[in-house]
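Note that the chains are named A, B, C and D in the order they appear, and that numbering of residues resets to 1 at the start of each chain.
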Amino acid sequence: MIFTSDNAFGVAPEILRALGRANGGGVPSYGEDEITKGLTRRFSDVFEHEVAVFPVATGTAANSLALATLTPPFGAILCHEVAHVNVDECGAPEMFSGGAKLIGIGGAAGKIDPEMLAATLKTFRHGDVHQVQPRCLTLTQSNEAGGVYSLPELSRLVGIARDFGLKVHMDGARFANALVALGCSPAEMTWRLGVDVLSFGATKNGAMAAEAVVFFDSELAGDFAFRRKRAGHLFSKMRFLSVQLEAYLEDELWLRNARRANAAAKRLADGLKATDGIEMLGEVEANEVFARLPMAVFKGMMKMEAAFHPWPNPDDAAGGHWMQTIRLVTSFETTDEEVDRFLALVRK
Amino acid sequence: MIFTSDNAFGVAPEILRALGRANGGGVPSYGEDEITKGLTRRFSDVFEHEVAVFPVATGTAANSLALATLTPPFGAILCHEVAHVNVDECGAPEMFSGGAKLIGIGGAAGKIDPEMLAATLKTFRHGDVHQVQPRCLTLTQSNEAGGVYSLPELSRLVGIARDFGLKVHMDGARFANALVALGCSPAEMTWRLGVDVLSFGATKNGAMAAEAVVFFDSELAGDFAFRRKRAGHLFSKMRFLSVQLEAYLEDELWLRNARRANAAAKRLADGLKATDGIEMLGEVEANEVFARLPMAVFKGMMKMEAAFHPWPNPDDAAGGHWMQTIRLVTSFETTDEEVDRFLALVRK
Amino acid sequence: MIFTSDNAFGVAPEILRALGRANGGGVPSYGEDEITKGLTRRFSDVFEHEVAVFPVATGTAANSLALATLTPPFGAILCHEVAHVNVDECGAPEMFSGGAKLIGIGGAAGKIDPEMLAATLKTFRHGDVHQVQPRCLTLTQSNEAGGVYSLPELSRLVGIARDFGLKVHMDGARFANALVALGCSPAEMTWRLGVDVLSFGATKNGAMAAEAVVFFDSELAGDFAFRRKRAGHLFSKMRFLSVQLEAYLEDELWLRNARRANAAAKRLADGLKATDGIEMLGEVEANEVFARLPMAVFKGMMKMEAAFHPWPNPDDAAGGHWMQTIRLVTSFETTDEEVDRFLALVRK
Amino acid sequence: MIFTSDNAFGVAPEILRALGRANGGGVPSYGEDEITKGLTRRFSDVFEHEVAVFPVATGTAANSLALATLTPPFGAILCHEVAHVNVDECGAPEMFSGGAKLIGIGGAAGKIDPEMLAATLKTFRHGDVHQVQPRCLTLTQSNEAGGVYSLPELSRLVGIARDFGLKVHMDGARFANALVALGCSPAEMTWRLGVDVLSFGATKNGAMAAEAVVFFDSELAGDFAFRRKRAGHLFSKMRFLSVQLEAYLEDELWLRNARRANAAAKRLADGLKATDGIEMLGEVEANEVFARLPMAVFKGMMKMEAAFHPWPNPDDAAGGHWMQTIRLVTSFETTDEEVDRFLALVRK
């Protein structure tokens, strides 16, 4: 029973098999192979739009390279204050961009509050050399607190960004989970709303180490290939990176995996809700569940074979630490049986 | 018949199988898994020395992160003028180090000339703020021109570097090929000579995408883990990177693969030497062969199913382009039969 | 009647004369001249401590070079959320440090709240590669909101920084104004409390363009000279930079100028306090006065020959914009007569 | 008798007086003053072209900021192998550009050889992500070896750069000396040939610390103001920087000073040529003289009150060190009498 993170899980069998399939023979290196070249067509089909696609191995690389391509060194990147790029990347966006500044915006459930975004943007004086210049908004879908922006919510935030001349990046480390939660098309959740660049995550949802940076406007991609190479993220045996993405898209594996993870999260949440003494935090929209357990229950669980993380929550401290917030993440490998065993343990 | 590059080949079956073996179950991410932790012991055994090991996926990352750890932004990195880090990385060492300067030194067969190294180091004034300060020497073993430094050659270069207070890095993208060529131990080719940090390559010799940065002095490794994360080179599902290295070392797969590649190169070279009209360039010490073909032969070969690269050589131009230099790279997958077929084509 | 900023004023006559005195003849360049060399002695005397001194021309350079010397690229610099380095330098500390992250801490009157500082530092996990690592605290004395830290306040903040292993930098763009306000010695306000590096400002208080970066621990200064050169901040005709600092310290010009500025600010504040309808913000401790004027008075003043800046204040908006906050800065050139004329205008 | 460098000299009296003239009163800071604003008109007149002008205090800043504006981090800057930006700036262009690479080209008398430039540019593959991409050529006029490019020489080099899509920067630390040497107009030596950006030096020719970055195409200047601020090179009391440039251009002070320096160099060279045993190196075109002295004469001179620098010359070593190369730099302050006294000492 592993609920620590979706990256604690392994590789989907379909993707592992694809690695074997791609092996053998000599093929051009550094992305000149046919599998890599074919990704453009596949992604363009999925997104119903001509796109430029760049595979990389980590989400840090995908996000940081995308943000650096959109933002000059004297620029500012607006993000949620708890966004992964702001608090969990050891300053990677700063490194890749040559020292751009991340500006954290507040908002409930990990979602940027549109009023706060607009208010912050208004405090910047366009062209004032004493200030970094806002150039990019990054939105995480689904986000670090388990939330999923609705299409109208996304549309409003993108609109504000556009009004101030910003480009829009979407951190889609859990893109599939959000898509399945909203039940919309990839196009509807991205370029149709005005998103310029997407970090399309696959690693958390069944790949070994593969993400795709997807530019909906290929003009913007200009420097990306140089930046990727220069950062050590161009793989010589690129086909093994690309084939993961190929298999991920094939027969809707990505959507099937995400549906499984989301369903497991829902089952988990429903079970916890029905359990006395447990308090749920936020809606369970994708594959993350946040709940507050009585401290005794939490301590008991820590001794069991269930693995999960406590989560920082100021309310726990304020309440005298009688309750402990935890985060439970489900994955494409999580079974209903595991969920039920976890719930049984909690109830005990 | 693929002789374009060793990275045009696939993954050794032992390594592919290891990926499958590592799959399944939930394990701690970001290198906290047992496979990754076990690498320290394995590498320490191989090198007969306590080492700190950091897996990364590309040679660009391994070299650039290592050099950035050894060199401040105002430092200089001395390298051969045709070293990969100097001419084939799109400025990656400059990016990772925050703008350190690479100083190219000449020397035959891709080997740094010790006289030139010493002469260059003497032109720098230690502590003069107007100049970048030499802090690091990087040696490629085996190198871009197919050469392998002998142990006395390495020792002399390392000695000069030490005399001027420099740290020494070894770019071992083809470390195994060099080791097998010299017939010495890993210890003898590295820390016993004074090498501080090694980029231990596996990708070109059978891994999918795996290199190890090996610090022989763990004091020097201080910042490395932060730099790796910040550059997007810390993998969440790290076990799949680490297990490639584990399998690579297991049962001397790395040495067996390198012996195969070197033997194929030797057979190729011997065959070419015995062929009229062909001129060999340099000794074939590892898995690269450089030869000059009459232009007619070259043009004929280009139409065949043999794949290889012409190589820039000013002598070809100076000689009126009657000859064309080519590079042939063999790999762990190259068979004697392929070599013989290639030779037959050339002779025809 | 200029109250816009202390950098809107000119050069103290003593300093202008010193420039002429330094002229003539050929002297060694790049700081090898006698005037520059003599600064070490002068500053060591003033601070009653052996110091290493580096003149630069701007406060941006002084602060950013000092912070970059104390903080690795993966480090974090803690500062007040409205600190000049955080909001008014177009990301200069980020540039000089290679992408370190500034973490803004709240607190009234531009002073970092010690509880908030400690709480923020506790959220960082030492050695966790996913997070930037706090390495430096920067304190502005006197600060952007006109506040002056008392010695106990400074001591407490420095103590917290030390407890978490941070180095301490002081942004002393208005160091003299703070010193005069507290009536203590330079030593008492700096190294005796544990401050490691000081940006000792002179420009705002009568120099043309001169600041000194003062290291109380010369060990820490290691890289500074290289960083200064590399950033274009080593002057060839350095004596003209150094002689400004020499004259600034001579006969306590710096303290006399600061006393004048502070006294003018006090007279201004007393006058405003005694005026109906005007609300003072914070204590006037150095040479800045913040006050809220009825909007009609503000608008009237804007038509007069008095120059000053409105200041952003959310309370103004919240109150329906019936009041307007303004900032008034006095300088070494501000006369009592000017202050009185200003007060007369306000009352009219 | 100072012949060490033109930056060993002081400030022209006209410029020192101008500093006093600019003093007094409160004026807008950060370049919003009338003196700074007026520079656009003055420079546009001098260059017979609409220009964008940015004053900075050092040549390092002028060159590095200009090059960083023209070159992305993955770009290459082509320069002479002994260019100041390549060997005497501690890697400043690398810092400002975020790690761009300088490629040194050979050529006699400090002048880039056009054949070598074209040959080097041909080795780069446009769009190949493995290589830095050449984006900028920088030419020093007059250069580090005392040479001055003729207009046809400049035209040819600029033409080659244009053919390969490069922008052209001119390092004019000694622009006036070159201009006077050629007897042409500022327009003829810059934009009419295709130069895009000029570092217009004043410090070496009589200013205290002032250079102007001049963009002939204001489109290119886009980011410059942000980069200047972010690098700490925007002065708060900017008028004192700008007024130096104003006085420098007034009544052709710049040309008069340069004529004086050049005439002194010519007198010095003519005298040395007429002296037995002394060998001249290169033509004396601007204000630098390179000569080889018999070692005995050199040693004798070192004991006299004449100050000058020995200069590294491999020929001296090859010849058994019987001769010593020296560099003599004249300035606007050098008198004929000083030159004659120096010559008398040599002859003795």
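Convention: a contact is a pair of C-beta atoms (placed from the backbone, for glycine too) under 8 Å apart; a residue touches a chain by one contact, two chains touch by 3 or more.
If you're wondering where the values come from, they're calculated on a predicted model, not measured in any experiment.
Q: If you tally contacting C-beta pairs, which comes out ahead, A-C or A-B? Let me know.
A: Between A-C and A-B, contacts are more numerous in A-B.
Q: Going by average Cα coordinates, which chain is farthest removed from chain B?
A: Of all chains, C has its centre farthest from that of chain B.
Q: Can you compute the centre-to-centre distance for chain A and chain D, using the mean CA position of each chain? Integer Å is fine.
A: Those two chain centres are 51 Å apart.
Q: Averaging over Cα atoms per chain, report the distance between chain A and chain B in Å.
A: Their C-alpha centroids are separated by 35 Å.
Q: For chain A and chain C, what's the span in angstrom between their mean Cα positions?
A: 41
Q: Quick check: what residues of chain C touch more than one other chain, meaning two or more?
A: 30, 73-74, 89-91, 95, 98, 129-130, 226, 229-230, 234
Q: Applying the document's contact rule, which stretches of chain B touch chain A when the two form their complex?
A: Chain B reaches chain A through residues 2, 4-5, 7-11, 16, 19-20, 22-30, 56-62, 64-65, 89-92, 95-96, 203-204, 208-209, 226, 229-237, 240-241, 307, 333.
Q: Under the touch definition given earlier, write down the residues of chain A that touch chain C in their complex.
A: 73-74, 87-91, 94-95, 97-102, 123, 129-132, 312
Q: Quick check on the complex: what are the chain D residues that touch chain A?
A: Residue positions touching the partner: 30, 72-74, 98, 129-130, 133, 223, 225-230, 234.
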